[in-house]
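Note that chain A is present in both complexes that follow, paired respectively with chain B and with chain C.
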Partner chain A sequence: MSTHTSAATAGGAGSLLSGLEIRRIDWSRLRVLAGLISPLLLLVVWALAVRAHWFTEQILVPPAAVLDAFEEVWDSGELPDGLKISLYRLAAGFALGSLSGLALGTLLATSRQAQIYIGPTFNALRQVPTLALTPMFILIFGIGETLKIAIILKATLFPVAIATVEAVRDIPRAYLEVGRALRLPPWTQFRRILFPASVPPILTGVRIALGRSWMVLVAVELLAADTGIGQLMEIGRQMLRIDIVMVGVIVTGLIGFSLDRGLRLLEWALLPWKRP
Partner chain B sequence: MPVLKSLRGWLLPVLLLCLWQYTSQRDAAHAYAFVPLEQVWAALLERLGDGDLLRNLAGSLLRTSLGLLIGVVLGTGVGALMATSGIALTLINPVYQSIRQVPLLGLTPLLGLWLGNGETAKIFIIALASFYPMVLNTYEGLRNVDFRYREVGRVYGFGRALLFRRVLLPASLPSLFTGLQQAVPLAWIAAVGGELLFNVGAGLGNLMMQAETGARMDVIVVCTASITVLGILMSYLTSLAAAHALRWRQ
Partner chain C sequence: MTAMKNFVCWVALACGLMAGIASTETSAADPQTIRIAAVAMQVAGKPGYMAAAQYVSEDQTLLAELEKRHVRLEWIPISPTSVAALVNEDFTSHRIDFAFYGDLPSVILNASGFQTRLVAPGNLGNNVYLVVPPTSTAKSIADLKGKRIALHRGRPWEVSFGKLVASNGLKVTDFKIVNLNPQAGASALVAGSVDAFFTLDDAYLLSDRNVGRIIWSSHRAPVDWKMRAELWGTREFVEQHPDLTQLLVNSELRAVAWISQEQNRSRYIKDLADRYGYPQSVVQRDSDNANISWKDYWSPLYTPSVTQHYEAVVAYARSANLIRSDVDVKTLIVPTFVREGLKQLSLDHYWVAQATP
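Our next item is the complex of A and B:
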């Protein structure tokens, strides 16, 4: 509590004495620095644990060894190649999945017939966890590219379709009636009413789908390890190269983080009225 | 004709099943993946009969319950700590946020090396899967308790323990249950994923992997269906529990 209250009062004092702008900035910087305490502490403990030989080499390597391993797999081309193929799979499966999810969701939300005939099947299939489908997909598609793209397609399609159904359904009727009453041309109705009213919830669904797809892809690459970042980690595990495994963990984490940030940025750019 | 109308939803599944059955009969190459439906049914009866299915199912459920218990208890504790202590928040939050970025099952190679490819690693993954949403929802639940409620507690002269029991806990209970409703399906998926990747012991994921190496699509279909049905059942029971615990809100 103490750091928070002191930072808050300092902020208050800073805005009172607005001439002393520097002072306020100093405090906010200090709070950012406070966030670094525990990660740094963890690093120090890690380094000390290695030095004190608390664990064997196979379990704990020094932080510097992870950096060396990064350099090793980067220079040998294993990491860039693995990343390239993983990201390509993600992009292909995600593009296919979100486009078909968007189409299917719109169909289900706007057509009663579609809801009657497809709705029950859709609701049953969306309950099947993607990972539980993996062995089935392996037998059907083999362990090649088709498997990975089909898995991501499944992981993306359903959340995007669900978000689209909800988004289109939740557009207030009054908005649509205004458009009709003003006799706006269809394109204007879409651009001025449908699009701004439904895009924010759909984008949220897309962002969740992307995070899930990345998780599922890494898991499938670990399982059906032929290429990709998951395979790099799996090989590291089989060779007991914990340094390479840690590089993989850090890189997949960074990519997951960047994907999420990227879509948040897109939301920010597309929806200026939603900016805080 | 209301009966006929309600049948329209069955048209597509029946068509899909017919397509599956047709593909299985075309030639040997197709029958490899698309086994005839009667064979799936036979596999279900056979695995139920010899107790194989129930044994693996019980293994998965037991593992999930244990992992869930650990994850929920620790997650609630850490979330409460972060909500009440600024120092804890400053120290834990950066680490929590960065570890959370790693795709859950991407941690399995590391856990395999650290904890071995056995039960401990699988339970760890399940616990972690339920830990994340519990921390977040406990923190937010306690943080968003109406300031006036705390004031009332203070007026009544409540001590820390009483304030927690009478004010903070009931006020944050909806958020805790939101966390639980996210944690249960995540834990179940993590259990299946962990069993697929750490292929030892009894579990539906293990049974599926064995079936996959033996190209036994019939057994895989039975497992996938069981996992799905159990997942739906768990989410349903959790929401029932939440509705029961929060019934005073109406």
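Our next item is the complex of A and C:
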């Protein structure tokens, strides 16, 4: 959310200043700085709210206390251990989910039979919110690692599969015909035509799926887990340690942000023709 | 123009926010309502409160006296799934003045800097249970070393669990504690995801359905191993409105005096079972404390064992890293209301202070 606003601010400021004929500044660097405005503003509002005692100190802890809590849970190993296990769950569930999503999506897009037989079930299942499946998943998978991986698999599979279906279907007929007319071997057709044409929308789907999986994972860890970043936050809440909860919120946000950035970098590296 | 509009919007929003905050502050200081939170089971859409709280909520004498002063009593039912966190959050955000709830969360709250006071002890405490799946070979807590145990952290029975574990020469960290609320803990036990479940009298519901086996309960343990849940008030309210606090404490005393009479015992058990939607036999077995008489069980006296109990809670919370600063138990306990109330109700010779076994 905050990155959106900041990007908009940066764009607005950019066009305004360039109108003033200041052109020697490297805008790409300033844009990064402009992205810091909204988090800093948030920090200022937070500090002010603490000062003005808008809420009791147990509920709204000062930023410095959150920093202390961060050091505390980092040094005690709770945070690194929680992160390690959460990221492992994410990696396992996400790898399984996106691979099967890719396979299922390709199948649905290329085979009429698959579309007829699996299509309706697929479309019905994808309407069920992942978190709503938690109680049922707990009964089936228990509360161990399988539960979290299954939940992430569900959260990843559908967006990736849908993106794949659309991507494959939207490849312009003309491209395929050119390939056929030139009698390109199948591998070349895939490498030069199918892959470049379908990868961008699929990657977007994967990126959305990754963000969603991370959120869902943290939410499930809040409900049913013995470890992980979500559980660290839940225990913090039970102990009335809102500083620890805040550490969890901030770390979760930063990780979600970095994951998204990481995939954008991947897009940039994989799709050289898409670079601005 | 739009900038101007935006500015006006922001100012309006800010004013609204401040007004909102101001109004919550005045209502907190407003003695026109007393807001009490209590654990409640929702049966047929009606909240049924724990132990004596139900009788306080129905006490016509209290309601009449409050009405004379134009004070309204507002009850906030708290779901048993997460009492500790919910009540503490309600206290810190000034949504309640009193709460019937447990020992450990009260200590956690006071360690955070928010001050509450124990104004009336409830009873000697609820029994706690260790349940394993019926097929388990475990016979004692020692057999469960290294195994997964469902336990809701920060709830009062965590302290009892700590005592049980320590008495067997073990540490809480010798077990894989799975932090689950009692409902989820029961499901986890039935689904076989945990090797044991530490809980309250809902243990009987599992054992009666043959999905769990109770291998230990606090019935035979020292009395202090039970978990206490009683009437707490914010320091602010108790100090600013001692007269209203006294009325509330008197009502609690009337309730426990009635319950504690042997001839009312079965009636109490039946009513509690109905309110909770439990079979009567569950409440019956849970309340069957062989080493304490029914009357003494309901004693509201501040015996030294109350202080010792809370000191043990603080010590456990410190050792388990649940709190960072010490809590002075003596400041938490305000015995004046009970002393005065017993006198007013001519009950000052009804209970005799005795060292609990």
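Basically, the second predicted complex is superposed on the first by the 222 of 276 C-alpha atoms of A that agree within 3 Å, B and C clash if a C-alpha of one lies under 4 Å from a C-alpha of the other, contacts with A are read in each partner's own complex, and residues count from 1 in each chain.
Note that a contact is a pair of C-beta atoms (placed from the backbone, for glycine too) under 8 Å apart; a residue touches a chain by one contact, two chains touch by 3 or more.
Keep in mind that what you see is a predicted model, and the values were worked out from it rather than measured.
Of the two partner chains placed by the overlay, only chain B lies in contact with A:Gly256; chain C stays clear of it. In the superposed model, A:Ala269 makes contact with neither chain B nor chain C. When the two structures are aligned on the shared chain, A:Asp226 is found in touch with chain C, with no touch to chain B. Contacts of A:Trp54 after superposition on the shared chain: chain C is touched, whereas chain B is not.
After overlaying the two complexes on the shared chain, residue contacts for A:Thr134 are found with chain B alone; chain C is out of touch. By the document's definition of touching, of the two partners only chain B reaches A:Val245; chain C does not.
By the touch criterion defined above, A:Val32 reaches neither chain B nor chain C. The larger set of touched chain A residues comes from B, when the choice is between chain B and chain C.
By the touch criterion defined above, A:Ala174 reaches neither chain B nor chain C. By the document's definition of touching, of the two partners only chain B reaches A:Gly119; chain C does not. For the contact definition in use here, the residues of chain A common to its chain B contact set and its chain C contact set are 58-59, 138-139, 223, 234, 237, 240. Interface residues of chain B, counted against chain A in their complex, comprise 5, 8-13, 16, 32-34, 84-87, 89-95, 98-99, 101-110, 112-114, 188-189, 192-193, 196-197, 208-209, 211-212, 215, 217, 220-221, 223-224, 227-228, 231-232.
Contact residues of chain A toward chain B in the complex are 1-5, 34-39, 41-42, 58-59, 116-121, 124, 127-129, 131-136, 138-140, 214-215, 218-219, 222-223, 230, 233-234, 236-237, 240, 242, 245-246, 248-250, 252-254, 256-257, 260. The residues of chain C lying in touch with chain A in their complex are 17, 21, 82, 84-85, 88-89, 92-94, 108-109, 112-114, 148, 152-155, 176-180, 184, 187-188, 191-194, 322-323. Against chain C, in their complex, chain A makes its touches with residues 54-59, 138-139, 142-144, 223-226, 231, 234-235, 237-241.
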